[in-house]
Structures are given as structure tokens and as C-alpha cells.
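In the two assemblies presented below, chain A is common to both, partnered first by chain B and then by chain C.
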Partner chain A sequence: MAKGLTWTIDDADHMTQAEIYGEVLTKLGYEYKNLVALTADLAGSTKIGRFQKDFPDRFFNVGIAEMNLFGMASGMAASGLLPVVSTFAAFAALRCAEHVRTDVCYQKRNVKIIATHSGTSFGQAGTTHHCTEDLAVMRAMSGMTVIAPADAYETARAVVAAMEWDGPVYIRIGRSFEPPLHKNMDSFDFEIGKAIKLREGTDITVIATGRTVPGAVEAAEMAANEGLSVKVLDLHTIKPIDVEAIMEAVMETRRIITVEDHNVYSGMGSAVADVIAASGKGCVLKKLGLQDEFSIVGYPDDLLHYYKMDADGIVEAIGQVMKMDFEADEDWEDEI
Partner chain B sequence: MALKPAELKKLKQTALRIREQIVEVTYTCGGAHIGGAMSQTDIMVALYYKFMKFDPKKPLLPTRDRFILSKGHGGVGHAVILGDLGFFDQKELADFNKTGSPFGMHLDWLKVKGVDASTGSLGHGLSIGIGMSMAARLQNKKYHTYVVVGDGELHGGPNWEAIMAAAHFKVTNMTTFVDRNKLCIDGPTEEIMGVEPLKEKFESFGWKAVEIDGHDFDQIADAIEQSHKEKDKPFVIIANTIKGKGIDFMEGLAKWHYAGLDEEMKKQALASLRRMYKNG
Partner chain C sequence: MPTRDELRARLFLFAALPLVKIVREDDKIMRTITRNMTGVVQFESKDSDLAAHLVFANDTLEVKRGKHEHPTVSFIFKNLQGLNDFFGGKPALPAAVKGLYRLDLIARTVPLLLSLKLLMPNADPKKPEKRALKVKLLIYMITTALSQLNKAGEEGMVKMTKTSPDRIYQWVVQGEGAPSAYLRMKAGKTKSGRGVYTRRRPFVLMKFSDIEGAYQVLTSKAALVDAVKKGYVVTEGAMEYSKEIGLRMQFVEELLA
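Take a look at the complex of A and B:
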């Protein structure tokens, strides 16, 4: 059971990340008397509305006005409350980015943001309701912690951990139903800033985040059938990043593929690249995600496939990276 | 109710002192938002020296009244008042604008004691103020929140999101001032982007609005007292002011939005202020 909790949720197999988030937040409402929930006409869609049922006086819907949403949250955080704000990622990270920066991060206000419908998870809604830039925007904000949980159980743990975490936190979750990665809420260790090692391997490492993680595990299994040993890291925290886990992957496999439902520019893959470049150690890095393009309309799972962020796409990338013979023509050991 | 003559005299003397200090800081720091600092001064002197409850030695006291200068470029005027009240040593203002100084054009609550919200980017203060006011209500705290917005600031959408929300949530433990000096950086508000009819706009958004002379302490005090009594609607005081108020060669001119002063201009500015106060 997660630290300090007197309850758990173990029946989330049929729940989306957002549904379990709504349940967890409501339970946390009984423990944190100063917890208040805010949204911008997306109480139902983000599932933060679940909190309203139990705590109508501590729930505030500001209408479709995201700038005011974050300003109010900042004022509440400045005055003894613990605001949790939910809206779609496209609106939290883009529409009112300056309010998140100036009112929350710059002023060091303890506001927790749970952004739903991130990446391309709101498939049929198209680019205006997708968000493939939020990791880039949020990791550039000083003081912001950025988390992309892989499934509903991880979402539950991330929300719980965020309550005790000092400072603003941005948690990006999807809309669609993702197959559970974990058995239940307590079947894995979750710590902000610590990647979860899902599979050991020696040939190549796949580092995935958010809803691409289950596909990475599946890809590793498929590659194993071809005789490849694939290490898989669930990098749920993009900032602060787990340098140790990434460097372990660099040293053990020297081939890394990152997978994120996000533009490959400035997202998780770029954060991993920063770590590798700063280390001075040689490593091939291939970044899967949207290749600097706006997303098409489609079913969420189809979009994972279309952008090669699913098991098939990852297996294809593994094949490409394994074919690179960069080790053949150089004295690799001398390079690192 | 009109202020007693002694109290009125004291407020005027304080306002003169604050305006003189704004001129001094503008001179020493190389440049400041002096025009808007002068227009807001009487409103802020009334709040800080008559109405607001606070303790300069305990700047984060939970029961203190909150003040947000949403038109954050008035920071030089706010800093001078906070220094005058003893939130910090006034001598620190000699470093205003200097590299590494806690004091820049726009004040940061993490660096300057007495500041309740870091402002500068316009269109943020009202929302923060609503959050503070609603937090007070939820936690049964009695503090009152005061927000000063600029008139040019009201061009921006986030203010109207906040104005709509304040009425919806019936935020009555907050008093808002519009420093209606009628000028933004590029010229008159009504030429750049008209904000009138401002009173009617607020009223149509569900606010109680009054319009006053923002340099008349009797009218300012009376409006604040009215706002405390209002229990149904959020309350805005549209304070008609003069940009650069008290400095004859600056009054009503957009070019003094931000400017530096040389020795001669400083002398003239101080002389102008003393003439104005001599005449009452």
C-alpha cells in the first residue's frame, strides 16, 4: 500500500486513468481538508467532478476560462488551500501557459495540475484537442515537476505522491482506456523522479512514458522472440529526470529508443538526450513520437500505430537501431 | 462621511512624502514607471494608511488584509509605500533596478516583504485576488482583499474572465480599484482600444460600480466604506486619476509612462509637488 494511505484501489482494470484519478482525488479530499478542486467546464470530462459529489463546497467550476482558472488557484494556494486543477492538456499547457508560469511557478504556489486528454489520446477530436507540446512547455517552467503515468494505477500513485510533493506538479494523463500495466495500486514502487524498470535487457533499451509504456513492454516481448534482449524503462517522471536510470541504460545497452505521445522536439526524448549528451558517453538515441507534425484524426489506438508509438512501431525501430553498425568501425571502448 | 480635517491633512502629507520618494527613486534608479505610480498613489495611501490591517514586522500574518497591484508596473510606488511603512529598510530602495536587487520594476512577493502577489504581466491580479477572497470565505477568515487594476489593463481578456467569475461566486470580501488615468503606453486608452463605458460594463457583468475622483481622499474613503458594506455584488471603484499627478510637466502625458529623471528634472518635479500640496 502506498505510504500513509489507509485505502487502496485494486479494481481499476476497467477504469480509465481519468476515472481512477477522480476516485483517488475524492479519497484524498477526506485526508487533506484544505484540498480544493477547480476546473473549466470539464468536470465530467476530466472526472474531477467526482470530487464535487463529496465536497460541493470545495469544488469550483470557473466556466470556459482557463486563465482565470489558474489565477484563482494561485490565490487559493497563497491563502492556505491546496488546489488541484483539471482541464484538457491543450488548455492547461498552451491556452493559459503564461498564467501557469507567472501565477503558479514564478510565485512558487503549491498547485497540482492534472491534465487529461494529453497527447493524441482524444483521437477523433483532432489537433485542437490533442496536446503534443505540453511536456516541452511544462519542463521549461522553472520549479515545475512533470509526470506522465502509464496506466490508471500509476495515475493513482502519482496523484497521491503529488499531494506531499513540495511545489507545483503537472500530471498528464490520457482520455482513452489503456490496458493496465500494473496488477494493482500497490504492486509496484512509485517515487516521483524514479523510473520503473519493467524489464532487464542487454541489447537495447526502450524508454517509454505515459500511454506508450504498455506497447514498449509488448515490443520487448516480441523482440525477445527474435532473440533480442530489450530493457524497458517506464520514465513516468520527465522532470526531475532519473539520470541514474538513464545512465545505467546507456552503459548497459548503448542503444536507446524513446517513445512518447508528444512531438519528438523538446519532450521526454529530448530530456533523455540532454542527460546522455551531458554525460559524454556514447549512445545511439532514436526518438519515437510525432515527428514535428500536427496530429491526424483517428481512434486513439490507431494513432499510436500511425505514429509508430505502439508495439509494431517500436519493434520496427528496434530493428533499425540494431542494424546500425556504429560499433564496427570504431574502437567503441575508447570512445566512452 | 467626510474625513476629519486632521486625518485628511495627514493623508495628504503622506501622499506628498510618497510622491517625493517616488521621484527620488526614479532619479537614482535611472528610470521607473513614474506616471502610473503617481496616478495610483492616493488610492494606495488611503488603503495602507487608513484602511488595511497588517503588521510590517509580520508580513505573512494570516489575518492581514491582502493587497494586489495588478498593474504591476506601479511597483515603484508600491515599494516606496512598503518601505515607508517599515516592511523593510527604506535605504534598500537605493538599489532599485540594480543587478541582483530585490526591487525591479515589477515587485516579486518572494523578494519584497509586504507584497502579496508577484505582478507585472497584466491581467493576473483580479483572478489571484478572487482566489484569496474565496479562500478566506472557505476558511472563515476575516481578511479583506484589495486589488488595483490599470485601465489599459482592462483591454485584456483574462480580466473579464475574472470579472465574470467574481460576480458568479459573489466575491464581496474584495474591493477593486480601476486606476482610470486614461493613458496606456502608446496613448489615450480611448484611441488605442476604448474601454468606455466602463461603469456600465462592470454593472452589466453583475458588479456594483462607483466612479470617483481618485485624488480626493474623502471620495476614496467613502467608496471604500461603501464597498465594505456591499454584501451582494463585487465592488469596483473607478477612480478617475491623472497620470503623473502632482508633477506639472508630466500630468496627462503618455510619454511619462516610463522615464528617467536628470538632476534638473528631479528638482522641477519636487518643486511642482510642493506647489501642489501648498495649494491643498
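Take a look at the complex of A and C:
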């Protein structure tokens, strides 16, 4: 049981990832006396208003000056505080990339970045407010830990775990009403760097991250009705990546589909591909996500469907990958 | 559609006969009897192209499918039924024996063939090493037989393999040196292999507790439900498909009876 977290599924029904993050942060404020929260005029949107209410002297709104956000957080970390920065993913990873790199990562500062509205989860706000590049940017920053929780409960566990994790952490969450994946806070194990095995299977593995995970589980169930055995991994931590879980999936199924609400270039799928390539083992790999394009504008769930990152799209991909050969072993003579 | 006699002949020639090689490797007496043998011993039928031959050379034994151009000895049966009766342990003699003058070769081959009687349902050896050998032979034979049924176009097996993705059905007997074998199927093709398939996880895994557990199950001395209760066998993976492969195994047993 995560410390100080007592929500149930009923609460999750009306709490988004961002909402529950705001609740968790406030609880943690009582536990970690050095915790300070920073934002750039987005306290309402990033749901940390309650922290501000409970701890007005530990809350800093820098105004619309996102780059300063990270400079200040770095300085606060250097003085022994535990800064938690909340802003939209597009600002944290793109607008402030240099500051995150130079002020936070290069200085090895213990800053936690909670990036809301990631991927296409802010669908109707348009391309400027989407962020389908952040996993690529953040995982390339030396020393940065990168996490994309699947639902509100996982977000809560990730935020709690990040407090005890030494070094900068980037937690990528959504904005819309992400469906709950887990039953409650205690129904799963959460450890930074350890994927969650949601379903066993031997035909194919779907590795999903962030808000695409529930769709992966649904797709596995749909495929099971067609007689396929689909393993599902929730790869919430993109860096450090769970090499063991990925290689187990490779060796067990030899067919992998990755799903991420992100450009397929250099995101989670690419991180998985790096692991497989380094192993020297053969496997079919298909990466679902935005195929190197900016997202159209629309409701988040419609965008997941449009870009084939939902259950229907994943089932379609399963069908395609199952028809592909995973090895050159085409000797069909019985061994005698 | 293959006839029942064709299916039976395939199983005897391509799944059971090759096991003489295993017997020779395992059984010291058989190795002594067949030491430094040279020649080709063939089994064929006048009414079919189905045939197999044993090649003895350089103190090794190979079992090959099909007809050899110049066998040293050939047991030629009138038809597949006769060949099946011969291998099935019923009184049956070949219509002709080519190379009968090589009595030495025939005399040394016969004990090898007789050693396959260990596969018969009524063979119930008491010595642990013989029981272990029987388990090994049965596991190897079943996997090869299933693959051969598919290759022959047997309806039930073809139905199972035709739409199958690349899947592994694995049989494992636990314990050091205990045998294991697998059946790989993919889009209508099958291959039986020895050992554990390591390139991926099995779709269905039949794991026997030890040699004795496997013996009880594979010889049907223990009913499957009892065998599971007693822990002789654990099946992991897709239950519907393990049931299906179990039915195909029963069919193999019926054909060879």
C-alpha cells in the first residue's frame, strides 16, 4: 500500500490522472516537509491548486515563464528542497528542453517533473498543445528517469515512488478522463523500472505505455476470442527500461507490438527496439503510435482510434503481425 | 484423403521405425549386436511408394524415408496392410525378401526390430531403465506421429494446423536426463523435434512429474483425471488446444493398436 493513499475505484471514477496527481501531491506535502510545488500559470489545469491551498508558502507560480520554472527548481533542489514542477508536456519537454537538460540533468538535480496533457490527450486543444515528442526528448537526457503511468492509480504510485528516487524524474500523464486500468491502489505492484505483466500469452506480446494500456488489455481479450494467446506488458517506465521483461516477451512470443501515444520515432517502441537489437535475438516488431506526423485535432478517444492506438487498432495490428514470420527456420522435416 | 492403411504405414515407417536408432544408442546389447554392420535394410510394399530404410555404415545407423535405389536387403510386402500387420506385431510375412543371402544382416536387424515391441501397450517392463526407455520412445513417437498425420493430410490434424499461427506444443519429463520433445505447427506445416524448443515459450506444455509419472500417463495406466490429481502431469497454456492435441494423441494410439 502506498503511503497515505486511500482512494478507491469510486474516487477514480471522477478523478483524472491529473486530478489524482494533485491529490497525491497534497498528501505528500504533509509527509515531505521539503517538498515544494512550482508551476507556470497552470495550477488549475495541472490540478495542483489543492497543494497551493494547503501549503501556500511552498507553492510557486512563476507566471508564463516556463524556462524560469526549471531554473528555479534546479536552484531549490541545490538548496535541499524537493521541487515538483507541473506544466503541460509540450512546455516541459519542448519549450524548456534546454533548461531541463542544462539546469536539471547536467547538474544532477533532484527535480520531479509532472507533465500533464501529454501525447494527444489534449486533443481538442490542437497540435500546439499536443506533445508526441516528449518521450524521445526526455529519454535522451542523461540521468533522466522517464515514466508514463497508465491510469490514475498508477500515477499516484509513480509520484510516490518518484519522491524516493534519486535524481530527475519525468512523469508523463494525460488530461482527459483516462479509463482506470487497475482495480485499486493495492491491486498491482509498482516499481520504477519494472514493467507490469497484465496478461500472459504465447502467440504475441503487446507492450503498451501510458493511456494506451487499457486498450491493449481489451485488444488481448478480443484476440483471445479468436483463439490467440496475447501477452500484455504495461511498460510504465521507459527509462530505465525493463530489459528482463522485454527479453522474456521476445523469447516467449517472438512477436511484439508496441503502443504509445507518441511519435513512433524514438519513443517507447524505439526503446524496446534498442533492447531487442542489442540482444541479438530475432523477433517481429511493429510500432503503433503516430507514424511521424502531427496529430489532427479531435477528442482524445477519437484520436486514439484514428491513429490505431485503441483496442480496434491493436487487434488489427495483431492480425497483421501474426501473419509475419519471426524466424528463418523453415525446415519442416521431422527430426528422427 | 489418405486411407487408414496409409496412415498406419506412415506411423510405423516414419514415426516408430526410426526409434531403432534411439534403442541402439540406449541399449548396450543392441549396440554390441549391430557393431560394425554395413548395408541397407529396406521395408516397402508393392502397392505404395511408402517405404523406409535403415542405413548401417561406419558403426552408425541412420533411418531414411523413401526407397533406396540399391538396398542390400528389402522386405517387400504384398500391400500396406501386410506391412502394417508386420510392424503391428501380428503374424505376417513379407511377400518377398530381396537379398535373403545376407542372412547376417537380417539376423542382426531382427533384434533391433523386436526391440520396438517395447512400444506395444502390453509391454510393461519392470526395470527402471527399460521404463525410462519406453517413455522416451513414446514421447518421440507421438510427436513425430502427429506431424506425420498432418503431412499425410489426415483430416483432424489438418484442421488443427491449417489456421494455426507459429505455435509450439511441448512435452517435457522432469528430471535429469529425462526426455522431451515438441511439435511445431504453422499455417498447415508441422515439425516434430527432440528436446526443448528454446526459441519461444510453448503454446501448450505437458509437463510430467518424472519418468514414472510419464509412464503412467503415456501407457494409459492412469486415467488423465487421476494423473492430474496425483501430480503425474501438469498442463500449462491453452486448455482447449491441449484437449485437441490430446484427442489427436488418442487417434495415434488407435491407429497403432
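Here, the second predicted complex is superposed on the first by the 316 of 336 C-alpha atoms of A that agree within 3 Å, B and C clash if a C-alpha of one lies under 4 Å from a C-alpha of the other, contacts with A are read in each partner's own complex, and residues count from 1 in each chain.
Note that a residue touches a chain if its C-beta (ideal position, glycine included) is under 8 Å from a C-beta of that chain, and two chains touch if they have at least 3 such contacts.
Computed from a prediction, not measured in an experiment: that's the story for all the values here.
Using the contact criterion defined above for the overlaid structures, shared-chain residue A:78 touches chain B, although it does not reach chain C. Once the two complexes are overlaid on the shared chain, A:253 sits against chain C while remaining clear of chain B. Shared-chain residue A:58: touches chain B; no touch with chain C.
In the superposed three-chain model, the partner touching more residues of chain A is B, compared with the other of chain B and chain C. When both complexes are overlaid on chain A, the residue A:133 reaches neither chain B nor chain C. When the two structures are aligned on the shared chain, A:202 is found in touch with chain C, with no touch to chain B.
In the superposed model, A:228 lies in contact with chain C only, and not with chain B. For chain B in complex with chain A, the touching residues are 62, 66, 108-110, 116-118, 120-121, 123-124, 126-136, 138-139, 141, 157-158, 161-162, 164-165, 168-169.
Within the complex, the chain A residues that touch chain B are 34, 36, 57-58, 60, 62-63, 65, 67-68, 70-81, 83, 98-99, 102-103, 106-108. Here chain C touches chain A in the complex through residues 14, 18, 21, 63, 144, 147-148, 151, 165-168, 189-194, 198-203, 237-238, 240, going by the rule given at the top.
Per the touch definition, chain A reaches chain C in the complex via residues 202-203, 227-229, 251-254, 322, 325-327, 329, 331-336.
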